[in-house]
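Lettered A, B, C, D and E in written order, each chain numbered from 1.
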Amino acid sequence: MARIGVFVCHCGENIGRTVDCAKVAELCGQVPGVVHSVDYKYMCSDPGQQMVKAAIAEKGLTGVVVAACSPHMHEKTFRRATAGGGLNPFLCEMANVREHCSWIHEDRDAATVKAVDITKTIVEKVKRNVPLSTIRIPVTRRALVIGGGIAGIQAALDIADGGREVILVEKDPSIGGHMSQLSETFPTLDCSQCILTPRMVEVYQHPRIKLYSYSEVESVEGYIGNFKVKIRRKARSIDEDKCNGCGACTKTCPNKKIPSEFDCGLGKRTAIYVPFPQAVPNLPTIDRAKCLLFMNRAKGRPDTCKKCAEACSKEAIDFDQVDRFVTEDVGAIVVATGYQLYTIGKDQAKPNIKGYGEYGYGTIPDVIDGLQFERLASASGPTSGKIQRPSDGKEPKRIVFLQCIGSRDPQKGMDYCSKICCMYVAKHTMLYHHKVHDGQATVFYMDIRAAGKGYDEFSRRAIEEEGARYIRGRVSKMWRDGDVIKIQGFDTLAGEPIEMDADMVVLATAMRPQPGIDSLAQKLSVSYDQHGFINEAHPKLRPVETNTAGVYVAGACQAPRDIPDAVAMASATASKVLGLFANEMLEREPTVARVDESSCAGCFHCERVCAYGAVEHKEIKDRAGNVLRVIAYVNPGVCQGCGTCQATCPSKSVELAGFTDEQIWSEIQALGV
Amino acid sequence: MTELRELARRLLSEGTVNAVLGWEEGPRGARPAFVTTPDGADRLIFDPRCVHDLASYLSPRRPHLKKLGKVAVVLKPCDARAVAGLIRETQIPRENVVLVGVRCGGVLADPESTAPLSETTVADRCRGCPDREAKLADHVVGTAGAGFPGPSRRAQKIEELAAMPVDRRWDFWQAELSKCVRCHACRQVCPLCFCERCMADKSLPRWIESSPHARGNIAWHITRAMHLAGRCVDCGECERVCPEGIPLGLITRKIAQVVSDRYDFRPSDDPAVPAPVGTYRMDDPQEFIL
Amino acid sequence: MSIGYFPGCSLHGLSREYDESLKAIAPALGLELVEVNDWSCCGASSAHSSSHLLGVALPARNLAQAEDQGIAEVVAPCAACYARLAAARHEIAGDATLAGHINKVLARDFRNSVKVRSILEVMKGALPAIGSKVTHPLKDLKVACYYGCLLVRPVEVTGGYDDPEDPSSMEAVCKAAGATPVKWNRRLDCCGGGLSMSRTGSVVRLGAAILKDAKAAGADAIVVACPMCHSNLDFRQKAMAQRGAWDGEMPILFLTQVVGLAMGLDAKALGLGRHFVRTDSVTTRPAPVAAGEVG
Amino acid sequence: MDSATPAAAGGFEPRITAFVCNWCTYTGADLAGTSRLQMASNVRIIRLPCTGRIDPMFMIKAFERGADGVIVSGCHPADCHYNAGNYHARRRFAIFRELIQFLGIDTGRITFSWVSASEGAKWRDIVNDTVTRVRGLGPFTAYRKLVVDPATVPAAKVTSKEVPA
Amino acid sequence: MSTTTFIRTADLKGLVADFNAAGIGVAGPARTSDGAVDYQSITSFDAVVLDAQPRNSLKQFFLPPTEPLFKYARQGQDVAILEVPMSFPPRVLIGARPCDAAAVEVLDRVMNWDYKDEPWFARRDATTIVTFACPGGDRSCFCTAVGLAPDATRGSDLLLAPAGDGYVVEIVTPKGQKLVDAYAKRFATGAGVDATKAYRDTARASVEGHVPARPDVIRAWVETHFEDPFWAEISMRCHGCGGCAASCPTCHCFDIVDEPETLTEGVRRRNWDTCQTSLFTMHASGHNPRHDQCGRCRQRVNHKFAIYPARFNDILCTGCGRCARTCPAGQDVTEILTRIVAMATGQGGAA
């Protein structure tokens, strides 16, 4: 028989003013099973908590109900007090008679009746509470970082420097990401590669970082502390152990006209290539779609060429290499897959994105995007840092920058602000003016968003000191007239249409998540928004966690981010990961589901509705080892306690601890007349 | 029929299966048959009186049939939908059963009926049924009539009920549901009511009162309908077996309509198609939610 | 195919040749034009700027007339008429209150069941028919296809039968007629529209820019599908010359005339003599090699 | 605050049972409290972790136990603390609602809503609107009459065990 | 006692009107909304359908599908039992079939066995059963094989058989006599029992021979063949739906449940139950002595033809054939009994 103690709190006047607390205590005392029912001015005070502890000992209570404020306020307090009294803390529940009663009603009689109802409901629940204990699960103290851009590099280094092993997976042949393509960075105009390259080398040389470049995550199983990650190591066609990175192979490759991804199509590369001189690892990769030998193989013809293999003194070229798979056990995962730029072309992957017909859908050769401009401005770029337009190599004297292309444009692109464009366009005008002294940079903008340390000063400098002409307005139309680009737009400050000629136009196109982010997110069971950006667990308070425990997010795959933001997020994920790895075991709330093995029919409706993949198949065998039935098993380490499985289970064969059917049934019963 | 018998004989004599579940001539019309010897195959029949959904016998919760080992089962297209449900819900491994589809152009309402199959005698559920043969089957035999056009009478009845004022609809259903004696025949015969222990038999807590009073009855029938939402294959067995003649098909069909209208789902015999309950779309309609 | 026909005032006045040429080619395209009974002004180009209700009610009245006639879809060759009719249909469909109001104003039960098609949309649909009926392909004729503002925009109203920023249907029709569309830049620019009388200066400036660009692109003629555009580009060429904005003679053809010519129809029947800028350069080109010429 | 005022003495006051998720609506109701938003006192909240945990049987049981109305509320789509519990619940509720409507239960007795942790005022409105609406529908006697409590049946006047009387 | 009287059809209608006027409930076989015939409350004899066997039996009038036994209330740590007021108003069942009337009397045995079932007998006392001799049955009827007949009087208070413009009334019990006396003006002298002979003979002929009339042989075989493969064979098609038990006039098992109404109060009820479901024999431990349908099918035959006879010297079956008619899977009791007799007499075995 239950022996329940009820403790009604006045909360000073907060509850007592509208609820007759003494009466609540008296009426609840008459409920079968209640052996102790009192009211007190401040239950959460030390003397109040002592009352709970004392009553547990004196009355031999089997459950505690505190009728006071919201459980979100003081459940932890009273569960601790209950534990202090020698009772399992989960045998204590709160009846919310403050937020849900005294504060929202004025009629004292009605509020008192309601407070009694609320408390009786919880009394019935507590009668059916059972002692629960915190779940402990082991933690594999190694981390996986997906993406080798600046965010991934920072996260990997921070975690590795914190003493834990890191697996870093990069889909491209080299780490470095977009930052390695940039010329100089705002607002300090320091050389991007100069600050990035040492970090890349550090990753390569770090004893606790294992780098898988040219690799992708194939599948992820498991849960926080216990992930099993299968990684596809794409065939590079190079024996990584033999290659010494001499580069002889790339010099002999006959196919030299392939647009270089690193130079955004403005430069060329060979079919066997190292994407850029500072690449890490410094290993060539054969682009099988462009290599003569593989193109012949695809057509069923005999192997030809092999010039690279002939040039290689180490016999490191392996035309027969295939994709390999490795499996790594990790306890935490950092997603840092970065971004891509919006293309204004006609064909778009998503129907809501339409491209820009008024700008010729990107068919005018001297209309380029911001990353292409970075390559033009970069000393290591295809023009060695000279500003030359792609069509004829002339130095543009009139350059026009258009901001918000695809950003803040729900009609044709995305409704969000890409955050970095205002700053990099200001930087571009400066770089341009530094290199083309008699040139004029003009910027069409909607607003200038320069919130950040030194940012506004920087953009003001571009305008006021470096002479960039800023026009507030949009360009409505652009076309090619001979070798000039005609621009028609509107100056919203002057209130008049503008027509001007330009030699080159740079579009500050929107930042979007990398393609394939959705399938990666699904593998990781993390949610993403309509644009494909990974959702953080809480926009304010858990900005680098995802809704899947043990999976964290850094950089531009979560939202448009500049370098300092991405690095800060990366370090934040590292601190979260290191915090998780501080203990060998992980403690979890015991509010998890459990399957009744005797009645489970194995229909696995629960598995279908579980957002966490917590439901596993379990075989019930007889003594001879024959499988009798296959039933559901909820992995308590993965279960987050939503209870959707229980509501879905047709035979009610799964119970969520703390919210069992019996408990809910009794609560409803307690409200009966 | 010869084709069916020959196939059954071959499956049994070659040892592919230990039993063939089909139909035979019983004392009162067609009835389920369990043929365990090649010679027994001559007992098998298929004609419009073969209304029974034999998929019900495949449930693993029938230990006395599990002993038969691997079986072949003869299926109408509607029965195949039930088998697909059992496979989808991991009740039977596909490879453990041989499925023999019979082409079907509709069946009668009653296995005892002697009337020829016609527009007037066809089972109401067959009106508008688009399926003539089971795509899921390993073997398909026989020939099918053209089927019968919809709409079914019960579709009209559902519309009629939907047009009633809500309290008159309540009266209609109370008159029907109060007849229920909670024998649970509807559950026992349903191919997709395969729970190890039915929720209605669970006593702690007892969500569904076991007494056959109106309150327990409505709780039971709401539960049954909810559990069959998106799963009911319209084999019609529940309504056929109800000893009190409650029009249970109206409820299951109404829910099927809701599922079809809201989630564009119609049960098929493709086990790979996920059921609509247990999945979701982010943009599911939610006009009723404030 | 039978289709409702809403000529609008221009096609019975200033641009009779548009009406004539459409009627001349319609049978060959398999189109039976059923004129809307007792049609009235569509509301362009001023009603909607003075009263929203009037701007919707006027086209709605015409659609209601068509509905009563049992017409399922109606073609309005004039781009302005098309824009008004289609916009009214779109607005009424999306606004139950407005629909109720319109019914009250029209004093009838208007179900908004009539689809509105532009001439371009109809011709695009008739592409196979055009291709098969062309006997005199307009070989070597370089045309600048001019859409103007209303023919393909906005997509919500047009239903997106063509890309609003990079349309191609008129080029396709011209190609079917054997002509060669040029690539040029001002296909979607404004011609000045209804301001021809009130602000001639603007029309001259805008029109001249269009003409010049077409000429620069090597066009022999500009093809239009709107009487408004036609008059601004054709009739106003003289004014442009007077003001020193333009010094050439650019024939401006209706799309229907282009198709008619390719079908070997008589220039007169197509109303080509009614233009202010002579069209001889187009009509008297050396006769093509009679491929499948019918006597 | 008309709807929050109890009806005239002796008037019908509906009993409403609310099933809400812990993370959004329960917290939203807490916010209504901390914001001192006055509302009708007819609602009794039962806290669940997630709308995904809400079984239609809860609502049936509430009616069995004399509730005149029910409120079901949880996180807005895309806000579910557990990713997708509310999406699964939404399908379940949609079907359940149409089912009971078909069986003759006035769906005006059930309010389905999404109330976030920041929507204290919306919670107040949901409560007041539901109370007003259910008050208009009157007591749910149809459901209560399904089983007549035998103890309330007056003793039969005819007690003769002989036929005919 | 077996005196006879006569009632004209018109008077029969008047008799029902008289019952109505006197506030006496009347039930009889009548059409339902779904077109079937059920025993149900009627207000006019015109509604009575005599040429079809009703889908249900009479047992619901004596053992309702659900019935409150008492109410309980928890007061503190104690529980109070509150009597439930029960009333047993007088009722006449008119148009009962002999097999159904007999079933009620068969059940009197078990209802008065280790204790007297008060509600049962209170209803028995308050109810007069007016049976109409059966016009004959279909191939599932076998009353003559269990010692009854289409014109058997067992369990009836009056037995009517058609003759001329009315019915010959056999007064079977004092209760029947009392009814005739109370409404004497409705009864008249008319044809005697002899006038109904042809009717009775036709009826008898239609049900005879469907099952060998060897209940003793059946009992002996069942008692000695508990593990016979026959049971496994016949049980295969059984879904365990219990439709047979629900429609059976003699299946009488019930379950007792406590149903809470509020936190502290509730009602104990008794509800129909059936041995055909697994829950029937499920132990609290999870063990189930009848773990599959084989045992349950055997149990039904065993109880009716061996256990009941052993305990009460009476067969728990009146040969109405409803179980065969209702079975969705075509299980047929006549086939089962015939085969048992054949096996017992060495003329056949398990197939």
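Points to keep in mind about this one:
Criterion: a contact is a pair of C-beta atoms (placed from the backbone, for glycine too) under 8 Å apart; a residue touches a chain by one contact, two chains touch by 3 or more.
For clarity, every value in this text was computed on a predicted model and none was experimentally measured.
Without chain A, the contact network of the other chains breaks into the groups B, D, E | C. Number of steps on the shortest path from chain B to chain D, with steps defined by chain touch: 1. The chain with its Cα centroid farthest from the Cα centroid of chain D is C. When the interfaces A-E and A-D are ranked by C-beta pairs in contact, the top one is A-D. The chain with its C-alpha centre at the largest distance from the centre of chain B is C.
Chain E has its Cα centroid 31 Å from the Cα centroid of chain B. Taking each chain's centre as the mean of its C-alpha atoms, chain A lies 52 Å from chain C.
Centre-to-centre separation between chain C and chain E, using Cα means, comes to 87 Å. Mean C-alpha position of chain B lies 60 Å from that of chain C. Counting only residues that touch two or more partner chains, chain A has 598, 609, 648, 661, 665, 669, 672-673. For chain B, the set of residues that touch two or more other chains comprises 206-207, 209, 213, 216, 277-278.
On chain E, the positions that touch chain B within their shared complex are 32-36, 55-56, 65-66, 139-140, 232, 235-237, 239-243, 245-247, 255, 257, 259, 269, 271-272, 274, 277, 279, 291-294, 324-326, 328-332, 334-335.
The touching residues of chain E, when paired with chain A in their complex, are 74, 76-77, 260-264, 286. Put simply, chain B touches chain E in their complex at residues 26-34, 52, 56-57, 62-65, 111, 175, 181-185, 188-189, 201, 206, 209-213, 216, 237, 240-241, 243-245, 247. Chain D meets chain B in the complex at residues 55-57, 60-61, 64, 77-78, 84, 87-88, 90-107, 111-114, 126, 142-143, 146-147. Across the interface of their complex, chain A is touched by residues 60-61, 89-91, 194-199, 202, 204-207, 227, 274, 277-279 of chain B.
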